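First, the structure itself, so that you have it in front of you.
We just call them A, B and C in the order they show up, numbering each chain from 1.
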Amino acid sequence: MDAKLQGYIDKLKALHFQEMYENDFFLTWEKTDDEIEAVFTVADALRHMRVNNISTKIFESGLGISLFRDNSTRTRFSFASACNLLGLEVQDLDEKKSQIAHGETVRETANMISFMADVIGIRDDMYIGKGNKYMHDVVNAVTEGNRDGVLEQKPTLVNLQCDIDHPTQCMADMLHIIHEFGGAENLKGKKIAMTWAYSPSYGKPLSVPQGVIGLMTRFGMDVVLAHPEGYDVMPEVEEVARKHAAKSGGSFTKVNSMAEAFRDADIVYPKSWAPFAAMEKRTNLYGEGDFDGIDKLEKELLAENAEHKDWCCTEELMKTTKDGKALYLHCLPADINDVSCKDGEVAASVFDRYRVPLYKQASFKPYIIAAMIFLAKVKDPAATLKKLEERGAARFFQ
Amino acid sequence: MDAKLQGYIDKLKALHFQEMYENDFFLTWEKTDDEIEAVFTVADALRHMRVNNISTKIFESGLGISLFRDNSTRTRFSFASACNLLGLEVQDLDEKKSQIAHGETVRETANMISFMADVIGIRDDMYIGKGNKYMHDVVNAVTEGNRDGVLEQKPTLVNLQCDIDHPTQCMADMLHIIHEFGGAENLKGKKIAMTWAYSPSYGKPLSVPQGVIGLMTRFGMDVVLAHPEGYDVMPEVEEVARKHAAKSGGSFTKVNSMAEAFRDADIVYPKSWAPFAAMEKRTNLYGEGDFDGIDKLEKELLAENAEHKDWCCTEELMKTTKDGKALYLHCLPADINDVSCKDGEVAASVFDRYRVPLYKQASFKPYIIAAMIFLAKVKDPAATLKKLEERGAARFFQ
Amino acid sequence: MDAKLQGYIDKLKALHFQEMYENDFFLTWEKTDDEIEAVFTVADALRHMRVNNISTKIFESGLGISLFRDNSTRTRFSFASACNLLGLEVQDLDEKKSQIAHGETVRETANMISFMADVIGIRDDMYIGKGNKYMHDVVNAVTEGNRDGVLEQKPTLVNLQCDIDHPTQCMADMLHIIHEFGGAENLKGKKIAMTWAYSPSYGKPLSVPQGVIGLMTRFGMDVVLAHPEGYDVMPEVEEVARKHAAKSGGSFTKVNSMAEAFRDADIVYPKSWAPFAAMEKRTNLYGEGDFDGIDKLEKELLAENAEHKDWCCTEELMKTTKDGKALYLHCLPADINDVSCKDGEVAASVFDRYRVPLYKQASFKPYIIAAMIFLAKVKDPAATLKKLEERGAARFFQ
């Protein structure tokens, strides 16, 4: 028995996460601390096994269905990689090629695609109040379908980004932090700045800053949310962050200054997003079919954004962080000054210096997704990891 | 040995279906009764094995090619599920992304994509006289290719809906009926009403009503085809239905009244379709490039349709069926009153009451497709099912 | 041990191709003669094993990423087949569905998709000076990613057609020739005519004629490149052809007459392409955004092409070849007179007579691609082929 793998298995055995079995993954704050740690542990274990050429294929057949209501490269490939690692074949539900009738219920579509589906991954982050709700509708439908004997298994849902949270992203971010700092136990008292940054594009999702403050406050860190006045995120998620901070012995503060957020920060995450209130207004205008109103709103927001071009992660700002060497995070792609646009979220020299850690940050996502699936499907994950090692099938035979 | 699986194997041993080996599946009435029963038996066996976590993966590698010339969700996912269950990877031939040259022959394309293909599934139901012919062209091409040493195997064709029949749908429908009635032996004398119903959309395929009367007449049932005057289906298929009814000891009758069809029916299948004569005319106009003529025809047909809004599966009509409890069937998606449209094929309350059986009906399609592939590929299906059980590989390892 | 397979293994053992391990495949002339022969040998071995129902699946999981910047059927299915044969799941990078940001670097995209990728296949043949360069950018990016600990493996690149070479096509062509002539040793002194032919379409890639003269000159053949004046290919590639011919004891000559090229030829490859100089000009106009200039250039080229309608592979010309029976090659689809167009590259009767060998020619491509991957991934290919035979897993279980 490989000692490192045994370490992961022992860690799992000490955690309580039975509720994850045959369950779904919507929002990180709906999971207990042990459940979050179980995801990290299984992700690390699966990665360790793959690196050591141990196949972690638990499915001989089965589909992993993806539904992307927004363009995606990183998450699409992460989901495909995770499914493939476990033995599931990805089948994309391309709503443009599908015969989904006008007025066809979610309940019907969800069941029709799920006869042999073990996982459904959905990205739906476009409208406030819609994406997460849609995911619940899908889960309710397949749960009923399974109960009623229509489906022989209940596919597990993995939230690949909704209007509220981006759990696979933020947990990959967090696992990256844990690895960079040598363990979650080293994070107490560390300062992380989740800050707004200027972008020439408009309406970037709120799910990343919300996911970050909802998750990072669980580790005893000092989490600072910084943005210009008016760029607030959902108040419910701020409430989650405050509760988590109180419980974990860390803190959650809000400031309207990027400089203040960066000062002595151990970790910085500068990224553009749209104000929650504006996104809510936009959703309502969309519901009313008021497209002129939407155009008008977009112009206002772009003008408003342009007032804050100084919210940029510059070398000067980076120098003010802890030893001038804060860990710089981004979910990618970033708006880089003079590369992707004239003025953006980050100076090119800062971005370039952090390229390798940024790519490593992204590298955790496939394993996070695979771990979420593993924990929802496998009854006794610790035992199954051991059995996989004993089975000894090679990922790559030569 | 699992007794239920042994039962399926014993049943198979008593049937004659050797002709299916290395053959194709175009129309159900080109198959003998034994062959049809073999498909049902293998479908049930594969489902039983999957439920009991026995892998039925017979291919370690190989492609299942799909070509959808019409949008599809249900059949697309059913085909993907069936291929995956047997170990084939689906590769979609998306004619928009393909370099299929102007004037490139079907013979060439069919061979070029088939070097490692074990199955080709095609949906081509748009034009009368085209879809089924196209499938034969493909099969002829790959048969020649295999004979000439170009292809190392002849992929088997599965008709995923043509202008004449929709065999995977109708056989799934039939297997659902068999399960609901506790066996094919209980169907003698049962009345099934395949009836036209109003839909605001125009030109729905004829393949379902044709497939239903061509297949259901083989089981000794009283099959009634009901539609408004002028909405006839292909006369050749009616002829098939008459012959089958005579042979099976059932009956095939045509009426122009939905009420008459529903009266005392054990099973009802109300569904819109376009008149065969109009579809033939449309195909000719298309061939002549007369798009004004097509527009005119569509308007005429929609106006004609609107004369028959009373052809709807209402609660009142359902009450007139056997004990008021006929089994309601639909291939989905249905046009539901006040859900998908104002006036449609079925009242919302009827549809809702039958939602679970409707979804179960759909659940048989992946297994029907898998059974068709299995019977075309495997030389001794009874023996191979036994070997799969003995191999004892788990579908899901934990 | 199967004697034929043992023959391939023994052949491999006598070759030096260690440099191919963990390397990439850009251009055939960057590979040694032994390396080229290793590809042919492994391709033949993999085909032999598949025909004899021996699984050559070396990957239990892993992605094969494809990026097609130009439409494709043959190469798309060949790549999918090759990946599937070895156990990799194809994941297509559809740039239209991807969130690749404006200004996002190749370096970033390449890493983001490669966390679990073992192979990347790219077709990018549209612009002179771009496609091959892009492939190198991708390889550099993933090589760095692997070195920096971002990627746990370096995916190998397979050039599925660039602006310079079309190695998978030309090596399939060559393996077909070797089989038709009973071995590479029988090719010395054989005459092969790579000749331009008229097509009503404009701007066909240069990669095939370039690939052919770059590769076929290595086998001691008399390679004749024929085209109307002005339709020259890249001078660098002609230089490669001259060097190869000198080394292999064959010859490389250029003529401006199809008749001269065909006279006594053992093999003819008549195919349209665009003049290199014009393609270079077009690339520059594109770079300058001069779309009027591009339109004008296209008109000029089409008019110029139309001067050469007599460059057609007719029955008369075929009669002048060796015994009137030269082997006719084409990468397909061909422009066939009175089939795909009025005047084209080849007379219908010639094309029809060679249909079977043409399809066989195409049948080698999946195995060539699989062999390229095998040689880049497997450390000791001879040993692994033997182990695969010993493992004895069936490709198709029954």
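What we mean here is this: a residue touches a chain if its C-beta (ideal position, glycine included) is under 8 Å from a C-beta of that chain, and two chains touch if they have at least 3 such contacts.
Remember, predicted model here, so these are calculated numbers, not experimental data.
Shared residue numbers account for under half of those found at the interface formed by chain A and chain C, and the copies are therefore classed as meeting with different residues. Annotation, chain A versus chain B: rotation angle of 120 degrees from the Cα superposition, expressed as a multiple of 5.
Centre-to-centre separation between chain A and chain C, using Cα means, comes to 41 Å.
Within chain A, the positions touching two or more other chains are listed as 57, 89. Across the complex, chain B meets chain A through its residues 47, 50-51, 55-57, 68, 70-74, 76-78, 80-81, 84-87, 89-90, 332-333, 335-336, 339-341, 355-356, 359-360, 362-363, 365-366, 393-398.
Residues of chain B that touch chain C in their complex: 57-63, 89, 91, 93, 97-105, 107-109, 111-113, 115-116, 118, 145, 148-152, 377-380, 384, 387-388, 391.
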